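As structure tokens, here come the structures.
In what comes next, chain A is part of two complexes: it sits with chain B in the first one and with chain C in the second one.
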Partner chain A sequence: MTALETRTPTRTPTRTTAPLGRLAAAEVRWVLRRPRTLVLLGLLALVAVALGIGIALTGGPGGDGDGDGPGLVAQVAGNGLVLPIAALGLALTLLLPLTVATASADAIAGEAAHGTLRGLLLAPVGRARLVVMKAAGVVTVAVLAVLVVAVVGVLTGLVVVGGPGGTMVTLSGTTLGLGEALGRVALVAGWTVVQLLAVAAVALAVSAFTEHPLVVLAAVLGGLIVFGVLAAIPSLEWLQPLLLTSGWGAGTDALRDPLPLGDLASSSLRALVYVVLGSVVTVVRMRRRDG
Partner chain B sequence: MGRRSWVGAGLGAALVGAVGVGLLVAPAGAAAAPVLPPVSPEDLVSSVIAADAPALAGEVEVDNALGLPAVPGVPQLANGTSAIRVWSGGDGRGRVALPSADGERTLVSDGTTRWAYDSRERTVTRAPAGEGPDGPADAGPDAQDPTTAATQAVATLRQSSTVTVDGTAEVAGRAAYQLVLTPLPSERTLLREVRVAVDAETRLPLQLTVLAQGSGEPALQVGFSEIAYGPQDPSLFTFTPPPGTTVEDAPARDGAQPEGERQGTTVGDGWDRVMVGQAPQGGPGQQPEGEARPEGAPDLSALGTPVSGPWGTGRVITTAVATVIVTDDGRIAAGAVPQQVLTEALAR
Partner chain C sequence: MTAAPTTPRATTASPPDAVAARVRGLRKTFGSTVAIDDVDLDVPAGAVLGMLGPNGSGKTTLIRMLLGLTRPTAGTVELLGHAGDDLPAALPDVGALVEGPGFHPFLSGRDNLLRAAAAEPRLDGDLRAPVDAALERVGLTDAARRRYRGYSLGMKQRLGLAAALLVPRRLVVLDEPTNGLDPAGTRDVRRVVAELRDAGATVLLSSHLLAEVEAVCSHVAVLQTGTLLVAGELAALLDADAGGLVVSTPDAYDAILALRAAGAPSYRAEGGVAVPPGPLEAPEIVATLVGAGVAVWEVHRRRAHLEELFARLTEEDA
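What follows is the complex of A and B.
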């Protein structure tokens, strides 16, 4: 580029970089037009709806749902506003990471598999800008996925399950008004997005090293399973603070009444460390990638 | 941006990651022992008795290695670490939350009524305040002059133990005195040492540590991991049963408990005291170490290992700090002692 400029010094200065917003918007449009993204988002919406209908049909307040369901699900009966939080917790174990990993796999490895990454690498766009643009697509998918679960969860909770007059009964036995309950749902949604960004950063880093999208999916889902296994081994307890998944139970804390922020904050910090490490590896690798 | 600066940025980011991981992994770290004016055990105990209950909010960490059998519904009793959140209004009102992975038990005392809420069962249990086990304990020390009570208490303890104020420690960010009880060599007990950390300023006991023979790790450590003194939001100390829950009045427990105690006798005194009593026949009964479920006998017969001796046959349940023998003819002997002391007590 410098050589070109020195050869034509009289050329009027034109814009040599495309605005980042336009690039990101193009990427987001591209990501959202993929049928698999839309199918995954639809499936996520179905999770919340199915959960709500199942609970409305089988359980009721004071029924025999005394801790029979997995995790928070038993709490949803007759207490609809817990549904989005329970659904986010359920989806975070596998479905949401799968969605984000799919998007990350398509972002770099998928382009490489199609041979279209070469074109992007040759385009007069800095490699860091390329990574930012690709990340914007993945972040959009993560935010949309969480939003779909949360919004559909709130609607299903209010319409299908219902609740005590639009209020939420916390695990501590207190009753929150609609506004505060929605605030708690928003808190869990934001926290879930941060956790998903950590998954996305690692997935993008893997994606930057391979040209097979399946490798990214296998690495992320396999990694989650390995983390789960490591967390279950008592003699490896010292490893717990390093594992991303060990903080994933903290979403439940939003249902306790004087809201304990400690676990939510520490798991978010842990996720941010993963985000930083993943981004650095991705950028460094993409700087040197040539096809 | 040149390649060099990219490498620099990469290294910097990697450093951030490493520091972040370090922050996450690093334990809280033991701070140096704070310097406090010396105090005698008698003065320390009397100041603890005289101190008013402060208003506070805190988190209590229970580190349990007692080796008790797991009791459903009370995960805090099983081995492991659990956290309890505590709020106190300082005037008899308080709130305790026992969080579990997907539920919570909440206890609220609003001064006139005690409420217990179980999120899994969605039941509220109501009991009038002051009749529970805490009531008399709160009222007792106030009736007596704290200095006399403390001197008496320490003198009684000195018959069987060494009582010292062994230096200072930092507990939950507060400077604290360590009151240490060590059994005299003549005592035959499983316990090695009991430590109580007392806040140097407010004289509130902050931490209880029980050390057993033959283990460097505490068998039980209950203490604040976070504490903040100060007035609390009064709405914490009220409880309105949430809609959709069943409210029931607590069964009168104080009828059954003295009955169980009346049947029991104690053998020996001090650290090697042994409680000998009748096993509960299906009814609610309380064992000194609190390890029996209310349904008692069926549970106990499944636990432990068979033993026999001149006193009969039975099963012995051994934990880190206590031993219990349940004989086949329905007697129970329990104490913080080795098995041999229990069999001697049963043989009497």
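What follows is the complex of A and C.
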């Protein structure tokens, strides 16, 4: 305990807010040190590995009909490069949205609950900047989550399931070389990230309204379930173009030859609309929110 | 406590305007509850202002509006010369501990501060040096690498104080800073407040502990149910409340006679005489006594205690 600090006075910046790069870097570091982020990323890796091992052991689908259906999973048998695409499709139904919703819930509602949001606003981090900083953390989680599934899926596919000489047999019956097969995996990964950004934007908007992270999780996962129910009601078919989840089967298109881009494009466009709406609501709300 | 006033901060911290913070006609309602009712308050630059008031009197709401965390229902706030939408421009020079410390339990105290430091506009380059300096200043160096989860209430409070002191500040706002602190912690807070004052910073401190405010504050503001009862210099308020002189002398009889001859009534008190506020100022009273050959051992102003003042103010109103 000495008296006043003895630090030699250096150039003191006169700016009124910290550089955005430093804020984003601090946010990403914080997100990646959270135990729950690491646990969820680990679980996602397990999905890909478990799917691969299951298929390798049984020589085919377990017949559970989950996710994208036995049709796609059956394709994985002896065709390892289909595994990452099947795993992404499976994870997109629940675990991936849960991962980004958790990150979004912690990003604003969780910070408010810990009293740390106040500290950021007092620093001050401008309110619009705060949203950008928070988005950086959530986008990082979304990209990492998809990368984990894709990379572990490719490795498990090649090592555990194996394939016809590092090639991919499409649903259309043609065979793609390793390079093009990896390109297809990357396409699905990118498309999945865009879908997750839509979930994240909505989750951040909810997060901006509450200081209870659980409300965000409940709203996002509940919303996905409601979307699923609405999509299953024939008389509500006109709602389909509005539902984020109604385009989530498009990932399978990457396994067709030639590649049909229509559904991938329209579902991405729909996701971008969700991203824009969610971002606008988040920024507007954060500008007025009490710290 | 060496060389505090010689740091460059002492010169750079003296603000050009005489008022560090000013609120006018400030009002805040939550539904039908009036939390703050038409408060006007100046916090003079360089002052240590203690904000007193019972629980629920609106101290924290007032502080939150001062810092731009809550929007006033009506009225204006000016902070270090910045007002309105420009208010956040004052915040880099303001350190605050409001509504208790807020940190993440899964990070160590030091990592929590590093995260806070990344958001400080006034910091550049290596953030570890200012973070370690702030930790040392509040006596947390030994616990710096432990997780915040395991901190005691007092350690959490110290960490909150460290966050407010990461950067040399022109204004430091401390909301109930000694909550949960042991006597040593309370002393440390007093020391930090004194250091800030010596460095030319303004301190706004809210508390319900009268002794604490009396010990460290130059100014006080008393709030009750959202209304400002009184605000001003502590010494002046206490003088106005009591006043008069107490003279220690063995010659009480001669002293009373001499003072009566000079036109100032006085009466015998323990160890000497007491002179109520009257026509004569203190130097004239001393001169009269010495001139009359009275042995004067000590003369001091009879000061009321803040506790009496506070009790009188808040009970009058109730």
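Here is the rule we use: the second predicted complex is superposed on the first by the 266 of 291 C-alpha atoms of A that agree within 3 Å, B and C clash if a C-alpha of one lies under 4 Å from a C-alpha of the other, contacts with A are read in each partner's own complex, and residues count from 1 in each chain.
By our rule, a residue touches a chain if its C-beta (ideal position, glycine included) is under 8 Å from a C-beta of that chain, and two chains touch if they have at least 3 such contacts.
Keep in mind that what you see is a predicted model, and the values were worked out from it rather than measured.
**Student:** Applying the document's definition of touch, where does A:216 land relative to chain B and chain C: first, second, both, or neither?
**Tutor:** Touch partners of A:216: none, neither chain B nor chain C.
**Student:** With the two complexes superposed on chain A, say which partner A:78 touches: chain B (first), chain C (second), both, or neither.
**Tutor:** first
**Student:** Of the two partner chains, chain B (first) and chain C (second), which one does A:189 touch, if any: first, second, both, or neither?
**Tutor:** neither
**Student:** Taking the superposition as given, does A:199 touch the first partner, chain B, the second, chain C, both, or neither?
**Tutor:** neither
**Student:** Looking at the overlay, does A:40 come into contact with chain B only (first), chain C only (second), both, or neither?
**Tutor:** neither
**Student:** Once chain A of both complexes is superposed, is A:173 in touch with chain B (first), chain C (second), both, or neither?
**Tutor:** first
**Student:** After lining up the shared chain so the two structures overlap, which partner does A:280 touch, if you call chain B first and chain C second: first, second, both or neither?
**Tutor:** A:280 sits against chain B, while chain C stays out of touch.
**Student:** Can you list the residues of chain A that meet both chain B and chain C?
**Tutor:** In chain A, nothing is touched by chain B and also by chain C.
**Student:** Quick one: in the complex, what on chain A touches chain B?
**Tutor:** Interface residues on the chain A side: 61-62, 66-67, 71-72, 74-75, 78-79, 128, 164-165, 167, 169, 171-175, 241-242, 249, 252-253, 256-258, 260, 266, 269-270, 272-273, 276-277, 279-280, 283-284, 287.
**Student:** What residues on chain C touch chain A, complex-wise?
**Tutor:** 1-4, 7-9, 64, 67-71, 88-89, 91-92, 94, 96, 98-107, 111, 114-116, 118-125, 129-130, 133-134, 136-137, 139, 163, 168, 188, 195, 199
**Student:** Taking the touch rule as given, give the residues of chain A at its contact with chain C in the complex, in rising order.
**Tutor:** That would be residues 1-7, 9-13, 15-18, 22-23, 25-26, 29-30, 33-35, 114-126, 288, 290-291 of chain A.
**Student:** Could you list, by residue number, the parts of chain B that touch chain A in their complex?
**Tutor:** 1, 3, 6, 10, 13-14, 16-17, 20-21, 23-25, 85, 87, 97, 99, 101-104, 106, 108, 115, 117, 119-122, 124, 236, 239-246
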